[in-house]
């Protein structure tokens, strides 16, 4: 297994579903697919190539769009599937059917970026407090946290 | 009859806050639920406001036990972004610290496992011998916990002959002691009775729930980033990936002790083949717009940092996936149908590092949305206030 | 004179004052030994070599805030610690230290006192259970349930193991059993198996590792004692110490030949023999890890109980041989 | 499985000196390169502000006292300091150094503040640190 083999495989199987495929470094492949093709790509990756280990799901706020990257890994390579979803309609299909271990990462990304994950088996808040105000998504770029002035207990400045 | 037990956020078995809610039937666990966030510090958000060099120390503070893992993972990624060629000697010293950290982390885990099982003597002995590693780390880096040896482009402190000799000498002691603990941990009847056939996680479950590190390897999956995706100079160093087929806590113990021996071999190789030359190159202050996925095998498993730069002196996004987070889904699976008595052991068996897995913003009042910091006095008043509705009615029924 | 003597028995020796001082000393001994076995220092600074540390701990706890949970059964919650202490102190009086004469039975030494002593040693277990239960804390409740579950495991082997020497000595009086083995020390060897079983069962009764299941801190926080604080906890701790002394004294009486020799020599005998037993108890504590409650029950019924029966059989055979 | 496999080790250690140290009365030695708290050698400081810029904990503050007389003040907030020694690395003239104190706890955070008022030094940065 090498990078070129994987890229060829991807081109062969996914064909026009691929928006972009890059290989910036050895053992690193970035594959961009459309949001509707995500489940098909993940299922191909899992069933045909045997990538069962999902390392994590990262989200990036690009302003107009959100970029969600699924980092898969096997014994050779780290393959990253990238999808872009528009900010005004942040819908993301859940991959928990295929990869049960994705649940915590999906819950995290749901909370932090305010994405709606469709068909998520368990959508309760994970990291943020129960009384967190609705509509605040900390990792979005427009969410700014102002640091309160430092209060030193029992001390006069 | 079912009833729920809260394990945490504050519990003697947990050294850090995490919420486990366990539904039990008598002593048998029927269901488990996990709640994070008690230790969430917003590091990912904070990292976007700090410079590349400041973030080295920020990532170091993600975790105390595997502080070197996070910096190495981060620094490796940033070096790729900045297209720096790290000198060989720098890489070797970096690997030395990471293996020493693995030894100290595994020994710490072994002690904690003993403590959770009520085997305090074992705990004391293991931790005593762990001091050897801590002392070496202190002499090399100048601190016991946050080594701060990494910098972008290499490492910050060099090794001298005396230190190399000291490391090689202490390896002998550590090898002997580890062999003793391997024998002891697998033969002491009461300890084995607590470890064997506890927290079963089949190979299939381990793979589908994306477990990492020793948890995965104890289920018989040889997955180790050092072998699969060699970073630093791991492709030059001979070592083996340790696995066990028992899929239980005993297997995880054995995998960790075997990994100790591999680490001793790696350190021996590193010290005997230490290249000469500079230890670091100078790093620029800015990085070109790019992205990188950096992986690292921390003592607890695969550590992944996704770094995106935008051309400024600050990262655009730093995503940290600590190994413990990857193991939570598997832990819930392991807890089911176990005994209450096994909760601390099963939970400890993934070597949870909760502050790793979480990265508070501030106390925000739910009704008003306003931030406030409660004074000690008002907290005291709140705690002393007796609810008028409390009755002395007994609600708990016979649990057996 | 008899009244003065009785008062001395009750209050000074082997009564309350002696119990208090000696049990704290035994706690110190246990802690120090446990620490040294683990290559630690143990209590160091309060008094010479930290001798006064348990007493300091006791008074410190006495001074701490005493919290009663809102939902707890308050009367029961408060009554249990002194009640438990009274029971174990009463049990202490039954040990044949000085307060007995072989010829004549008295209030503290009579035929059948071994049964009374065992009965008094069973009561603390129920005290612990009730303490856990009346706290109404979830962890306490589980701890209380575990106390009772364990009781079913170790109580029968303990009775069998302790009573078999009595069978051989043909007496139900502690003083007479001890005197019997003093006269025929070789026969004490017959009870070696029983001695080991009794040590293990006493370890379980005292809830020390590997049987510290009812208050396993890493599992169920403080178990039965989760809600106890301040004075009540101090009394409970003292009670456990006294129970340790009594249990060690019982084993020493039954298996090691008692404490002959009047006030002074008897005291020395008592100290040496109980410390020996406590040494074994500490060693067991240091050697093992905590086991699960289901493992306790299966261990007790699979191994301890059959071995105790075997011991009884040996005793009956030996008894047949010598008579 | 063996019963009592741990006993020989335990008994052996019963007669050995404990591994622990009677801490506040006896202290272990700190290694030479220990990273304690940072301090300034004001005669070397050229006020390049590298330490202030690189400090991850924002524990260093440099203020101008009198611009024309080149008098500056440097404050180290030791209550915020994370003892990473980045300031030592960043300093081109080695004006920042670490001491070897480790018992710096205090009841009042303000007592941990250290400040210097000094005239800017005219030392040239050393070549090897610059390249």
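So that you can tell them apart, the chains are marked A, B, C and D in the order they are listed, and the count of residues begins at 1 in each.
Just so we're on the same page, a residue touches a chain if its C-beta (ideal position, glycine included) is under 8 Å from a C-beta of that chain, and two chains touch if they have at least 3 such contacts.
For clarity, every value in this text was computed on a predicted model and none was experimentally measured.
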Chain closest to the middle, measuring from C-alpha centroids that were averaged per chain: B
Reference chain A; chain at largest CA-centroid distance: C
Higher-contact pair (C-beta pairs counted), A-B versus B-D: A-B
Distance from chain B to chain A - Cα centre to Cα centre, in angstrom: 23
Centroid spacing, where centroids are CA-atom means, of chain B and chain D in whole angstrom: 26
Gap in Å, rounded to a whole number, between the CA centres of chain C and chain A: 60
Computed distance of Cα centres, chain D from chain A, in Å: 40
Where chain B touches two or more other chains at once, by residue number: 121-122, 125, 128, 188
Residues of chain A engaged with two or more neighbouring chains: none
Residues within chain D bordering two or more other chains: 6, 10, 19
Chain B residues touching chain A - in the complex, by the definition given at the top: 35-37, 40, 42, 44-45, 80, 207-212, 222-223, 228-229, 290-293, 295, 302, 304, 306, 308, 316-317, 319, 321, 325-326, 328-330, 358, 360-362, 364-366, 369, 371, 373, 376
Residues of chain B touching chain C in the complex: 3, 5-6, 11-13, 27, 114-122, 124-125, 128, 188, 190-191, 193-194, 339-344, 386, 390, 392-394, 396, 399-400
Sites on chain C touched by chain D in the complex: 33, 35-41, 44, 283, 286-287
Residues on chain C engaged by chain B in the complex (per definition of touch): 37-40, 70-71, 73, 136, 138-139, 141-142, 145, 149, 209-210, 212-213, 216-221, 286-295
Residue ranges of chain D touching chain B (in the complex, touch as defined): 1-3, 5-6, 9-10, 19, 31-35, 53-57, 82-86, 89, 98, 131
